[in-house]
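Working notes, structure below.
Order of writing sets the chain letters: A, B, C and D. Residues in each chain are counted from 1.
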Amino acid sequence: MLELMGLLLIFMIIAAIVAIETRDLLAAVISVTAVGFGSVIAFFYMRAPDVAIVPIVVEVLILVILIRATLRVGLKTFVGNRDFFGMMVTIAMLLVIFLAGIRVFNDLPAFGEPVMAKMMDAPSRIYLANGLNDTGAANIVTAVLLDYRAYDTLGEATVLFTSIIGAIAIIRKKARKKPSEPEVEEWTV
Amino acid sequence: MQIIPLFVAIPLGAAFFIPMVGRKNPRLSDTLANITTLALFLMALSVIGKATQVYWMGGWVPRLGIPVGINLVLDGVSIFMLVTITLISFLVTIYSIHYMDKFTSKARFYSLFLLMVAGMNGVALTGDLFNLYVFLEITSIASYALVAFGGQHEELEASFKYVVLGCVASTLVLLGIAITYAMTGSLNMAQVSTIIGGNFKPIHLFTMALFISGFGLKAALVPFHAWLPDAHPSAPAPISAMLSGVVIKTIGIYALVRVMLNVFGMTPLTSYILLVLGTISMVVGVLLCMGQDDIKRFLAYSSISQIGYIVLGFGLGTRLGIAAALFHLINHAVFKSLLFLNSGAVEYATGTRDFSKLGGLKDKMPVTTTTAVIGSMSIAGVPPLSGFWSKLFIIVACVQAERYGFAAWAAGVSVLTLAAYLRMLKRTFYGQPGEAQPAAREVPMSMKLSMVALAALCVVMGMLWMPHAQRTFLIPAARVLQEGLTYASSVLGM
Amino acid sequence: MDSMTKGMTPIVQAVSGWVKGFILVFGIYLVLYGHLTPGGGFGGGVVIAMAFVLLVLAHGKEEGLRRLPMGVAAELDSVGALMFLIIALLGMFAGLGGSFFTNFIAKAYPGEPYSLLSAGIIPLANIAIALKVASSLFVIFMMLVLMRVVYTEPGKDS
Amino acid sequence: MHYALCLALFLVGLYGVMVKRNLIKIVISLVILESAVNMFIIMIGYRKDGIAPIMSKMMDPEVFASRSVDPIPQALVLTAIVIGLGVTAMTVALAMRLYEKYGTYDIKEIRNLKG
């Protein structure tokens, strides 16, 4: 079964390369969604149904937003890269990171053996053993998200709030006025 | 009732509330925002000198020494950062009352501003790696939006550049946190540091490289500085003051130093990396800033140089070096915000930031000129202003640690800084009147008020080196960082 | 391009009318049972937002704005976030547990495990988050749909 | 092996961010970067032949605790996905405004500011 996971990852890498290298705009947007759906399948496979539900919908939303951003301005194709020399330097740098990564990743616990299996002190053990009694939630992920680590979730809700307020502020048509002009609230963007 | 979580909860609540009530009534949002930042500042003052306190969110205290929930840690460094953040943000909100009349959507401005402050307070207080990432993102996203707040060509462009590099930085940090979790099974900084405890495998070095490049991007250390000279000048002046004054220090330097020193533990290698990065930033920043013709770009490049001083001090790893770095951090927060507010006042009065169009403003804008002179002299290290003392102590610490080369660089850069700032003052406030200011007048009251307050701080901050202030404020902060891995035992109570 | 303003064909509209009801119910189910089954405030909130997105895609933006005006959605966004923060702050009162984010309901009334009313503040927090997520995604979607992209010459900013 | 593939996905995203000139391509690369990290975090928590961390009445708690996958990474990824969505939405808004101002998505033609 682990081979299946490897194949899925290779599929995602190919889709990502297509998304980045294709000249057709729609193909790029659809390929990046393919990467997203690849990860959805991987999440289901890795027993993370909670996580898998969110990206399905998020991917659709990103697809709609990206298509909106690209199609409505009437662009069909993308233009090329930055200069050739910079590209070679980048590729060389990324190769170095990759080789270093492969070397050091041998120190990580093998895939399929989570760190909590070895570490007696891992908090995950406590969550799994006492989660239901502590919080009353049978879904341990929810127990972690909204009780043990609820403060993170507050931060996450705040991030979303921030980006919405920020996007509204960026999109507003009229940003500057004279100091004496009164404030007008407008939703036409 | 404990005060610690309120440092985050109060600005968050205000930020959620202001867009609801303040849309139609900008004066109400002014009032609410100023009350909030004043309250935060008073709260920060009230915790000065307190012993280390650990606050477990949701009452999830550790079980058998295993941390279950997220903790907030109020120790010397956190108090130090909180005071810096809330002081500057309070003075900047006062300034914004009149300055932001030039822009629409003031309620959203204050909301984003308070979210940024909440994010920084969260970063300063947290004792959990992933929580650090979440609050880092809050601060970053709010600042991306605030850079683009003016909505003009270059503002949007600078913001896009900032978003892209900021996102890459956040992803690098998140990858680093993920690898740390994969190695230790924990996200709590104290527990991670007991597990890693200074014995490094290659993967830890890889993780540290990720953290240094991620936080280095956020702090605009030199190989990673491309976004800063665009982003900081493009923002509205109060936001430039916040970005250069506290944001890059909190989500860049503080986060980097906390992770390096308290979680991984300082090694000769990391110390050397920090020293070199600091020196390069110091030199390259000041050289780039000499050639600028835009007053805000000039200040932005100078920030890179001063950040270099701070990193150099931390890189020494000695008690004196860290204390001097912290001292320079708060000093730089004060005078760089002052100078950005001055540049905002100049822009408010004349409509331009270009040296070639400015000049001879000293008669028309006496308050701005005087405060700008004090700020410039302080940053250039002229005695007896605050900047002189902190730079002196950084150099002394270099000498004490027998890093003579670095001491020489620090002294040399200080001279170059003085030259650069004299040129800036001459071309803006003294010399021939330029073409842009026939109608220039002194700025409104609230803007003057905060500039004068910051200039006064520049004069008196040298006093922080007095024995009493040092003992209650600087030394406890320096001790937490210098003692490195004992952080874990003080948090987990073992 | 016209579909954003006028909506799609009657067949699509009729089908989406049915589907959107199901999506909405599914979203609410995900939110309410988030502490027992996969799902929760975020997943549920996004699904609820998708129901509105479908409405806008099928019937056009006028219909969408008639059902949920932008101003109201932005207020709901703030309300959801405030609700979540207030739930957290309530825990700080000494009688209820004494610290930020104390699950004070579960402490007082532990409830039957595996039932809808177990888990204390978790379902409440899920509802607050769902409200927040759904309204903010609706706002961002509508912003991007409504935005008219017109190229202006440099130097002619308003 | 699996981790290395994940790192490769990450680097493909990084390559796109650094080399591409089109704003939408850069946004796409950022999305890929984020999915690579999310994927990595979930992989950390996977247990071979494990079960989802959701308890049911039929299951013995001891067996559950010894067979379930790690719940923390899943909670982290949920948070990270939402953060990524927020950033993406804001970046697209920025890119569209930039298009409005410059009439192009090409970063070379947008270059007003000097590095």
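Note that in this section a residue touches a chain if its C-beta (ideal position, glycine included) is under 8 Å from a C-beta of that chain, and two chains touch if they have at least 3 such contacts.
Small disclaimer: the values here were computed from a predicted structure and weren't measured.
Asks: Using the touch rule stated at the top, which two chains are linked by the largest number of C-beta contacts?
Replies: So the chains sharing the most C-beta contacts are A-D.
Asks: Quick one: chain B and chain D, Cα centre-to-centre, how many Å?
Replies: Comparing mean C-alpha positions, chain D is 28 Å from chain B.
Asks: Between chain A and chain C, what is the separation of their C-alpha centroids in Å?
Replies: Each chain's C-alpha centroid was found; their separation is 20 Å.
Asks: So which bits of chain B are touching at least two other chains?
Replies: Within chain B, the residues that touch at least two other chains are 12, 16, 19, 57-58, 130, 134, 137, 141, 144-145, 148, 151-153, 156, 159, 181-182, 187.
Asks: Of all residues in chain D, which are in touch with two or more distinct other chains?
Replies: Residues 14, 44, 52, 54, 56, 72, 76, 78-79, 82-83, 86-87, 89-90, 92-97, 99, 101-102.
Asks: Could you say which residues in chain A touch two or more other chains, in rising order?
Replies: Chain A, residues with two or more chain partners: 49-50, 54, 58, 61, 65, 69, 73, 101, 105, 108, 114-116, 123-124, 127, 132, 138-139, 141, 143, 145, 147, 149-156, 158-164, 166-168, 170-171, 174-176, 185.
Asks: Thinking of each chain as a vertex joined to the chains it touches, would you call that graph a line, ring, star, complete, or other?
Replies: complete
Asks: Applying the document's contact rule, which stretches of chain A touch chain B when the two form their complex?
Replies: On the chain A side, the touching residues are 100-101, 103-105, 107-109, 114-116, 118-119, 121-124, 126-127, 147-152, 154-156, 158-159, 161-163, 165-170, 172, 174-180, 183-185.
Asks: Which residues of chain D touch chain C once you look at their complex with the stated criterion?
Replies: 52, 54, 56-57, 78, 82, 89, 92-93, 96, 99-103
Asks: Within their complex, state which residues of chain B touch chain C.
Replies: Answer in residue numbers: 1-2, 5, 9, 12-13, 16-17, 19-20, 55-59, 151-153.
Asks: Provide the residue numbers of chain B that touch chain A in the complex, in ascending order.
Replies: Contact set of chain B toward chain A: 12, 15-16, 19, 23-26, 57-58, 60, 63, 65-70, 98, 101-106, 108-109, 111-112, 115, 118-119, 122, 130-131, 134-135, 137-138, 141-142, 144-146, 148-152, 156, 159, 179, 181-188, 191, 195, 201-203, 205-206.
Asks: List the residues on chain A that touch chain D in their complex, please.
Replies: 2, 5-6, 9-10, 12-13, 16-17, 19-20, 25, 28-29, 32, 35-36, 39, 42-43, 46-51, 54-55, 58, 61-62, 65-66, 69-70, 73, 75, 78-82, 86-87, 90-91, 94, 97-98, 101-102, 105, 108, 111-117, 123-125, 127-129, 131-132, 138-141, 143-145, 149, 152-153, 155-156, 159-160, 162-164, 166-167, 170-171
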